[in-house]
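Encoded as structure tokens, here's the structure I'll be asking about.
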Amino acid sequence: MAPKYAPSLRARLPPVAFLLQTTFIVIFTFCVEIEDSRNEKEEVFIYTYAKFQDIHVMVFLGFGFLATFLVRYGFSSSAFNVLVAAMAVQWATILNGILMSQHFGDSKIHINLKSLVDAELCAASALVAMGAINGKTNPVQLLIFTLIEVTGFVLNQWLIQTLFKRPIQMHWLYSTTLINIFGGLFGLMTTRVLFRSKMEPKHEKEKVGRTSGLFAMFGTLFLWMFWPSLNSALESNIGRSEKRISVLCNTYLSLAVSAVTAMAFSVLSSSKGKMNLVHIQSSMLAGGIAVGGTVTLAPAPWVAMTIGFCASLLSTLGFRYLKDHMLFAFDCHDTNGVLFVHAVPGILGWFAQLILSLASISHSTIAVRFAVHHICILLITVSMSLVMGVITGLILKWKFWKPQLDRNCYDDQAFWEFPHLLTHK
Amino acid sequence: MAPKYAPSLRARLPPVAFLLQTTFIVIFTFCVEIEDSRNEKEEVFIYTYAKFQDIHVMVFLGFGFLATFLVRYGFSSSAFNVLVAAMAVQWATILNGILMSQHFGDSKIHINLKSLVDAELCAASALVAMGAINGKTNPVQLLIFTLIEVTGFVLNQWLIQTLFKRPIQMHWLYSTTLINIFGGLFGLMTTRVLFRSKMEPKHEKEKVGRTSGLFAMFGTLFLWMFWPSLNSALESNIGRSEKRISVLCNTYLSLAVSAVTAMAFSVLSSSKGKMNLVHIQSSMLAGGIAVGGTVTLAPAPWVAMTIGFCASLLSTLGFRYLKDHMLFAFDCHDTNGVLFVHAVPGILGWFAQLILSLASISHSTIAVRFAVHHICILLITVSMSLVMGVITGLILKWKFWKPQLDRNCYDDQAFWEFPHLLTHK
Amino acid sequence: MAPKYAPSLRARLPPVAFLLQTTFIVIFTFCVEIEDSRNEKEEVFIYTYAKFQDIHVMVFLGFGFLATFLVRYGFSSSAFNVLVAAMAVQWATILNGILMSQHFGDSKIHINLKSLVDAELCAASALVAMGAINGKTNPVQLLIFTLIEVTGFVLNQWLIQTLFKRPIQMHWLYSTTLINIFGGLFGLMTTRVLFRSKMEPKHEKEKVGRTSGLFAMFGTLFLWMFWPSLNSALESNIGRSEKRISVLCNTYLSLAVSAVTAMAFSVLSSSKGKMNLVHIQSSMLAGGIAVGGTVTLAPAPWVAMTIGFCASLLSTLGFRYLKDHMLFAFDCHDTNGVLFVHAVPGILGWFAQLILSLASISHSTIAVRFAVHHICILLITVSMSLVMGVITGLILKWKFWKPQLDRNCYDDQAFWEFPHLLTHK
């Protein structure tokens, strides 16, 4: 019954999705309650609501359309993004809730708008990771991948909080920078394990088209425009609300510099003096990622701009010169270039945060202690993401999930009903 | 002078639009004033403004682009949506204002941001209805259609309020669920009357394309992402503002479950195990529609999720198995599938509301009385929409409106100037 | 090394962009500080933040995608818009800051969210002007063009403030209407000077396509939907915050009327009774531009609607009948039609503001004085924009900037790397 060009998902996707969805509903039945918000201040609610909407747009629209640059994979990129994010958000709500309720000794998980924002941040880390395997995995694999990624990300946060006794103040997420580092490296290892040795190095369908590039531009712009809201998502939770102007302005300026730098260096690094749309779209986001860790330190604007400049430079050059090298040398095929778009700027931001923090600490003992903690957190996150990425890759390699054939990669035809093609336009 | 392939609208659309627009301006001149908002609390204004912007995006962008899946009808779908919504909003402002000013004994209509939100909700019901006749009617017919639909919808609300003496508290709209039930059934009857018997069952141009599907995805996502704001539009008006977190979280969770379910069952119901983009886009909204009636009752999250699951299931299966049946058995051609996307989930939500309300009422007399009222409101709405839909269909059948020819259906060429086609891409 | 079909920008764009960006970072290092916002009221912050996000979307997404109607120029339209806006925002922040700090006698520039909003409004005026030369200039020329335009615009505001001692209250921008008048006329003169006499009157690639039209519709709708936020951007700064409902409602109604009028008159003025998508997209914005000057006077809604009607009428007819005339009679090629979309509605709005103001002033001496001032401000702005537009045109004519060849106009191929074209779709 299945068409010869692609294995049918009829016996895989519906049962898995149905099972997971029913399990989530059952867990919600017994464990989740909506928090009574009568005591919350009106302004706090409205501000959270505004930020929530921005992050909501980023997670469900931005990441999905960012990946639509693949000329024949637009339906899948945008729709699977929704599928994965919708699952990830439910799962992250449960996991975050369990950790929170243990911490406060509640028997129930209490959710509110802030829980949804936190859950969407966890989903964002899964979507970052998904960028690396985009086009080479089917939706069942993506669901499994997402569940493990979200679990790993939450576990990593819990580990950091437990080991280092950070002032958590009702919040389990430590930094938006970690989202990108964890997600980027996790996805990278998974795609390494899933490497299809028989596939040609440059797949025929793995390219941008005139229309698909514009769709990707839409997604990119929504991510780019709302990144200040993402970076300020954690700020109100760490008790320094007077610094939110600094968070918004610094992220904004860093992103502006990042966009200019990406275009300039994309032209400079091309022998014909031409821009590459995919490089630009990816690298203009690097500034927002890198500055994520430092915004809460309220640096001067020029510091944020310099970080944006360096992140975008690293990202553009990495994309241009090292992406193919990664493929040939390490058999590591990274569809959206998450290594150079998310992981490298994230790590850059992490060290920028370290330097800026050290500069503000006068006492040398505290400074050394901070530096050790800070680097340990990075090492734990990196190890965790690499190990879990490999494990996930091994699980996804299982033939049971019916991965698509090599020639069906990056092609909507494998998963979507299409009407007969138009004979005349 | 008119081209042979489509009747010219030059003698129809400008006079009708000009006449209506001038009439509206004249009515505004004598009857409408902007309300002095000096006494309004700052937070209420900001919150209303945020919700207003979300609903504004849904009405003018979301509904229009949802319908752009038709491969050759993108210009018309998106632009006529703006035309119709812009007219509907003005007309609804006047009608709502008249009812309100009568109620309060004012001689003038006072408008503020909340009036615009209410007017946009009325416009939304017209846009839902328009989905059924999309592609088969010209803009003049759409204008007439919209005026009658909005009038009918406001009349229906007025009837319900008058007959059942609901606590109205400065608000004439009763429930967001009714928007979908009224709009869906109204459109369905109109399209039944307008049925073109000579047209082939499956029109050559009535299909989704690679690019048009992605545009529709954009529209769908904006509707999907901002649906929590739509459901919370009425919440602040019914004096239970402490429940708004419940409204937002429940709608959000219901929509998330709805999206997952739509994809799972679209695959399951396909013999080749493939997804259908149009089904998914429509059905992922069903959860938001169905949960619309129950959110103000602040149910537990799992209840909202279950409603989302059932609504999406009904919608996907209806779309897959019954849509063609509706066409062959009842001569009822429903372009966007409004019956299964809006009416059926709406009715499901209505009964969910009934059951949840009954469960919370301990006194049996009150419970019976509530149930009778609740079902009567549904019956009135259904009858009203069906009758007015038929009447509208009969009016639109009039040749005077110069409907497009069968072969020009679903085609922008009938209404839009096109440059010469590109010879090479 | 450079391909024969287009001059390489490798030796031009990166140095110019790098130099400008580094200079900006250096200026920021020594002169710019983020303002301490601890004393700001919570509601003011949230409201500014909401408006900021809307204007952010308009500037970085709206204007860019509005120009994507050019069938082969989508990448450039959207990406160069980001490049130009990102530069303009930084430059405008510096210039506005210098004027403000001089005024208050500070040694440093203090920025906050409001500074970013002001900077984005200056960037908007550059983007308006850019519409006239879109497709005929390379990104290096656009950068130079933007710097001069923003400088001119800020200088013009400063001149007006200094000469007429307006109550400035911490704000250097005088009216959103001036943005459109200045930008429109500036761009017009630049394109006149840059006129390519050898290019065919109607370039082969200067036309709308099925997909590019829909992308432009997206951009248009985001501008159209968020225009009320743009018009209210200055309102809170002029100390009449009780009038903001009036600003929002009036702009909203004016835009609704504008959209209906644009479609009606596009059909009426076509011999075949068909709509022209580009005309409609441009003219539906005219209402928001024209009403921009009068909203702060809080006129009755019908006045705003009438202004919207007249602006859209003028714009549609100008676009249809006079745009080609401008080209043949004055050698003035205006790609996006900024004269009829921005400048003419702006001037109409300016006179509407004059009439409405005069009607509310009872004392004749004050009225005459106001009228003289008001007309002088217009004349100064017009002269300033025309003169600076010519100068900019002369600077951009310099061959050093490597302008693209005539046959590469309106074509992404000149600036972007493309994969090999698809052989089958």
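Note that the chains are named A, B and C in the order they appear, and that numbering of residues resets to 1 at the start of each chain.
The rule is short, and it goes like this: contacts are C-beta pairs under 8 Å (C-beta built on N, C-alpha and C of every residue); 3 or more make two chains touch, one makes a residue touch a chain.
On a predicted model such as this, the values are computed, not experimentally measured, just so you know.
Novice: Mapping chain-to-chain touches, which pattern fits: line, ring, star, complete or other?
Specialist: complete
Novice: Degrees of rotation, nearest 5, to put the Cα trace of chain A on chain B?
Specialist: Chain A sits rotated relative to chain B by 120 degrees.
Novice: Taking shared residue numbers divided by all residue numbers at the interface, is the value for chain A and chain C over half (same) or under half (different)?
Specialist: different
Novice: Using mean CA coordinates as chain centres, what's the chain A-chain C distance in Å?
Specialist: Centre separation, chain A to chain C: 34 Å.
Novice: Mind pulling the chain A residues that touch 2 or more other chains?
Specialist: Within chain A, residues 43, 46, 50, 210-211, 218, 425 contact more than one other chain.
Novice: Quick check on the complex: what are the chain C residues that touch chain A?
Specialist: Checking each residue of chain C against chain A gives 1-3, 8-11, 13-14, 17-18, 20-21, 24-26, 28-29, 32-38, 42-43, 45-46, 49-50, 53, 56-57, 60-61, 64-65, 68, 72, 74-75, 78-79, 82-83, 86-87, 89-90, 111-113, 116, 139, 210-211, 215, 218, 412, 415-420, 422, 425.
Novice: Quick one: which bits of chain B touch chain A in the complex? Just the residue numbers, please.
Specialist: Residue list for chain B touching chain A: 43, 46-47, 50, 54, 71, 207-211, 213-214, 217-218, 221-222, 224-226, 229, 242, 244-246, 248-250, 252-253, 255-257, 259-261, 263-265, 267-268, 270-277, 280, 284, 298, 300-302, 305-306, 309, 421, 425.
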